[in-house]
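Paired with chain B in one complex and with chain C in the other, chain A is shared by the two complexes that follow.
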Partner chain A sequence: MASLRTTRRDSRLLRYLILGTWALVCLVPVAWFLSIGLRPRVEIITPRPIYWPTFSLDAWHMIWEDWPMARYLRNSVAAIFGSVLIDLVLAIPAAYSLARYQYRGRDDIAFYILSTRMMAPAIVAIPIFFLFRSLGLLDTVWALMIVYAAINLSLVTWIIRSYMLDIPKELEDAARTDGASDLRILWEVIVPAIRPGIITASVIAMIFAINEFLFTLLIASTPNAYTMSVALANFTGGSDGVIYNAIALVAFLAFLPVFLVVLLIQRHLSRGLTMGAVKG
Partner chain B sequence: MTESPVPAGAERSAPARPAQGRYRRRSRRLRVLFPYLLVAPAVIYLLLITLYPGIFALVQSFHAVKFGPWTYVGLANYERLLADPQFWGALWNTFVIGAISLALQCVIALALAYHAYRDPWVRGWRIIFLVPMLFMPSAVAFLFKLAFLDARVVSDILIRLGLIEQNLSIQSSVWMSRAVLILADVWQWTPFLFIIFVAALQGQDEEIEEAARLDGASWFQVFWNVSLPLMRPVIAVALTLRAIDITTMFANVFIITKGGPAFGTETISYFVYRTGFKFFNFGYASAASVVMLVLTIVIAQTVVKRAFRSARS
Partner chain C sequence: MARIELRNVEKRWGAVWGVRGVNLDIAEEEFVVFLGPSGCGKTTTMRMIAGLEEPSSGEILMDGENMNGVDARDRDVAMVFQGYALYPNMTVYENIRFPLRMRKVPRSQHDALVRRAAEMVQLTELLDRKPGALSGGQRQRAALARAIVRQPKVFLMDEPLSNLDAKLRQHMRVQIRHIQRDLRITTVYVTHDQIEAMTLADRIVVMRSAEIQQIGTPDEIYNDPANTFVAGFIGAPPMNLVEGGIEGGVFRAPGLEVPLPGRGDLGRVILGFRPEDCAVSMDGGELRGCVYGVEPTGDVTYLTLKAGERLIEIKADRQFRAPLDSPVQVALDPARLYLFDGETGRRIR
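For the complex of A and B:
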């Protein structure tokens, strides 16, 4: 009995050792990066690293005064919300069709939508670049919106479809016997019932849109359409090259809202990340 | 599978509708078309943004394109591509970096999930482990560039611990540069797998676990012999999605290594970017895109289709 108890305590110790170590691996670099954002530029790249820097808000003033940070922020927000809106308008009917009707080619259509998630951005980057150039959309937020929506459409459709498949059919039957049309059922019965799914899909699409880098780099060639993600890569200047403290601060500025929103959908996260394939 | 698109539950209500000839015929056709109409906008949108570029790239790949007009060159771009050591090198780098990174993430995430899912503080662990994933990849790339290359913090710590004598010369070593890319990816994306694995472990039937426990199996034996086989479809989906994102890795290469040293960390995405947008050799870059597209379709039709199918059932 005694030996059983010690092995149990040992295994608990091992467990916390492993989990605690990884927690440090996650948090120490983040804390260090925050300290980079809150120190003067001269203390970043030094012959020997400085671990206890002087506190300074230089970077904070710099991003708002020397760089059009407000515009980057506005661009990011507009492109992201616009793209999620496009996705929802296209994905909700599509997901309903794929979840609720039987018809020829349905599974192939569903898989085609899924497969667009696998397209490497580099494959379509050049044609998209030429397309937007001929449409005069290069360097605009509209182009970013269109591209982000395309990147996330597969994911949004599959997540919403997965939630629709869970709705008991009786719910619709009742409305149908009352004579409601299919579209009204979709709007008034289904959509309210899958609200968690819609929110999850939107949040995950939002994260991927914030992260998008290659297209934004190609489409946005001036600060006109820079988003936060690409603006980072342009924080350079002076003799020291990259302006790391500004980069670190912007990174945290983008991190905070994402973190808060993700806390809200925590329970649905695993389902969203697997495009509905895993029910969390 | 029935041919006519009868919505669930419509069988009962349909006969109750007024049976006026023309109205019914039109509505019948509409009802056959209705599900297609619902899905059409999404499909058209995606076709515009995938099929159009595919055709464009295919056409462009038969041309030499340098700023001015396109000149037809037949298969010259492909011949050059298949003989280009940098193209093969990029494929190899993508594979090596991706495979090592994916294997590490999978093992770490499984180990963490195994230890966390029965822990009373599992929600807390999940939140902490999520943090790296929620930073923009470009920010994470700069974090790693600063820590490993520019500020040499990692070297400094290793020296203080007495593990090495002097600063690591990462920029001149292919494998050390690859290691930085791998570490950045592992640090940021292990949470992705962890979240999914924990959910899968929590979602499984506790009775099966308990039955095995009563038979005298240890927790690890239960995990290895019972939980893991049950999780296989979930693991397949999660790894497939991760593999897609790793093989298209771009931001980290662009920011940390620029493909160097000696093209040792140039991934296939960076190769296309460099030939297209740095050397403006668009026809050549398009040929590489087409080859990638063919590879993607082959992999999609085999691996991905199977992974998602088995996860659903």
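For the complex of A and C:
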């Protein structure tokens, strides 16, 4: 009995050890660039190792006072949340149609939607540039919103569709005999039932959007539409050279919102990531 | 309270028949049970009545009005599903209220109607709970309350008790029958459980391989089966069916000789008799065999007899005991014998 208890305790210790190591691997880079961001610039480029770094808010003051960082942050948040909203508005009905209605070519359409994700982004970069120029949307957050939404739409549609396929058909039949229209069924029965899937798809879309660089650089040419990811590039050139502590701090600030969102909804997210995997 | 008529209703998917040539009249306030094994077409027939499936051919009429092409939400039917199909994000109260909202019943009436329905299924205490926090029986009652809340023209119930344990099932059977009588709503009920069919139905529709085998009251189905399928499907244990021939007014099969006075010679027939229509006898009987199994259950003893290569089920007296392989004779009730055609399985009257 005692040996059984010991084995159990050992296995639990081992589990904590593995998880702790993994957490460390994930957190060290974050902690590292936070520590870089909160040090004076001179200390970062010194060749000698520093064991007790000096705390400094130089980079913090610099990014907020010398650069319109608040604006970049606002642009990022608007473009990201706006794009996710557009994705959900378009993807939910599309996914419902692909998951539930029978029509010719349905599976081909589903595959076509996913295949757009397989294309190298550079292929459409120039047409997109001309398209937005014709629409007069270059250098606007609206254009970023639309581009991010377009990039993620296929993925969001597929994730949501896989969750919808797991919803028992009986639930819709019940709602239909209860007198609900297709739209009411979608809104009142299906959407609440796949909430974990919607959250999962949104977070994934958010992560992709916040990391998007190529199209942002193409569309945004002034601080009017710069986002955090493009703002990072501003600290790499010019007469000041590479400003490492500012880059690290902006990278940390770009990472923080998604991290907080994931932290807040992690219960739904972990359920959501596995819910679509196994048919009930 | 609608009258339902099915006129030569058929459903097929390519070469596969779901339902074939179904003709049926269901009277107002009648309780009709579709009974049959899995895949016999009973649920498909119900779904066509609900409007969840469109018939490939034929007509479905409610109160004389053709329902073909009418959407499920416009048919004024309420359905209870095998898996309950409660909306997981809503409380029991919201689940029951859902049909009222969808059918635009004035908001001021909602609360009273929901509470009345919950009361009928004894669920008033659990209105604030979500379906995930309910037991199987409670979920079943919530689904029932959702169906009765708006007093539809027709109730459709698709194996609603199949996920419950035996004791709860018996309790719910009584409750369902009671509610149907109170509300006087035409009800169509699908099951593969013959006890449910026998206890609930005004009439039973026995189905097999997409076709109706027999329509009748429980007594008619039990006492006057139309073919070997119905005879073998109803009753627990089911009717014994012994293949043999009639010669000189006597049915003969290995271990069995039954006088059938007045019957002409027939080469291949099936003799049917129910386990309860036999009596173990010490001083002679038509059936001779040896004891293969004895199963005392308290109120009755099930005796399995081996006659020739065939096993015969007998309901013996509850005190009956006999060693295995001992010889036994069984007398059959001559008034309760059934003859079926050996080829088609149809009843020979």
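To be clear about the criterion, the second predicted complex is superposed on the first by the 220 of 280 C-alpha atoms of A that agree within 3 Å, B and C clash if a C-alpha of one lies under 4 Å from a C-alpha of the other, contacts with A are read in each partner's own complex, and residues count from 1 in each chain.
Just so it is clear, contacts are C-beta pairs under 8 Å (C-beta built on N, C-alpha and C of every residue); 3 or more make two chains touch, one makes a residue touch a chain.
Keep in mind the model is a prediction, meaning the values are calculated, not measured.
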item	value
Chain B versus chain C as contact partner of A:115, first or second or both or neither	first
In the superposition, chain B vs chain C on chain A residues touched	B
Chain B versus chain C as contact partner of A:209, first or second or both or neither	neither
Touching partner for A:63 - first (chain B), second (chain C), both, neither	neither
Which of chain B and chain C A:181 touches, first, second, both or neither	second
Partner chain in contact with A:189 - chain B first, chain C second, else both or neither	second
First, second, both or neither for A:145, with chain B first and chain C second	neither
First (chain B), second (chain C), both or neither touched by A:91	first
Which of chain B and chain C A:173 touches, first, second, both or neither	both
First, second, both or neither for A:36, with chain B first and chain C second	first
Residues on chain A lying within both footprints (that of chain B and that of chain C)	170, 173, 176-177, 179
Chain C contact footprint on chain A (complex, rising order)	168, 170-171, 173-181, 184, 188-189, 192-193, 195
Chain B-facing residues of chain A, complex	11, 14-15, 18-19, 22-23, 25-27, 29-30, 32-33, 36, 44-46, 48-49, 89-91, 93-94, 96-98, 100-104, 106, 109, 111-131, 146-147, 149-150, 153-154, 157, 169-170, 172-173, 176-177, 179, 182, 207, 210-211, 213-214, 217-218, 228-230, 232-233, 241-242, 244, 247-248, 250-251, 254-255, 258-259, 262-263, 266, 269-271, 273-275, 277-280
Sites on chain C touched by chain A in the complex	47, 50-52, 71-73, 75, 77-79, 81-83, 85-90, 98-99, 102-103, 146, 156
Complex interface listing, chain B residues touching chain A	1-10, 12-13, 32, 34-36, 38-39, 41-43, 45-46, 49-50, 52-54, 56-57, 60, 108, 111-112, 115-116, 119, 123, 125-132, 134-139, 142-143, 145-147, 150-153, 156, 187, 191-192, 195-196, 198-200, 202-203, 219, 234, 237-238, 241, 244, 247-248, 250-251, 254-255, 268-270, 272-273, 276-277, 282, 285-286, 289, 292-293, 296-297, 299-300, 304-305, 308, 311-312
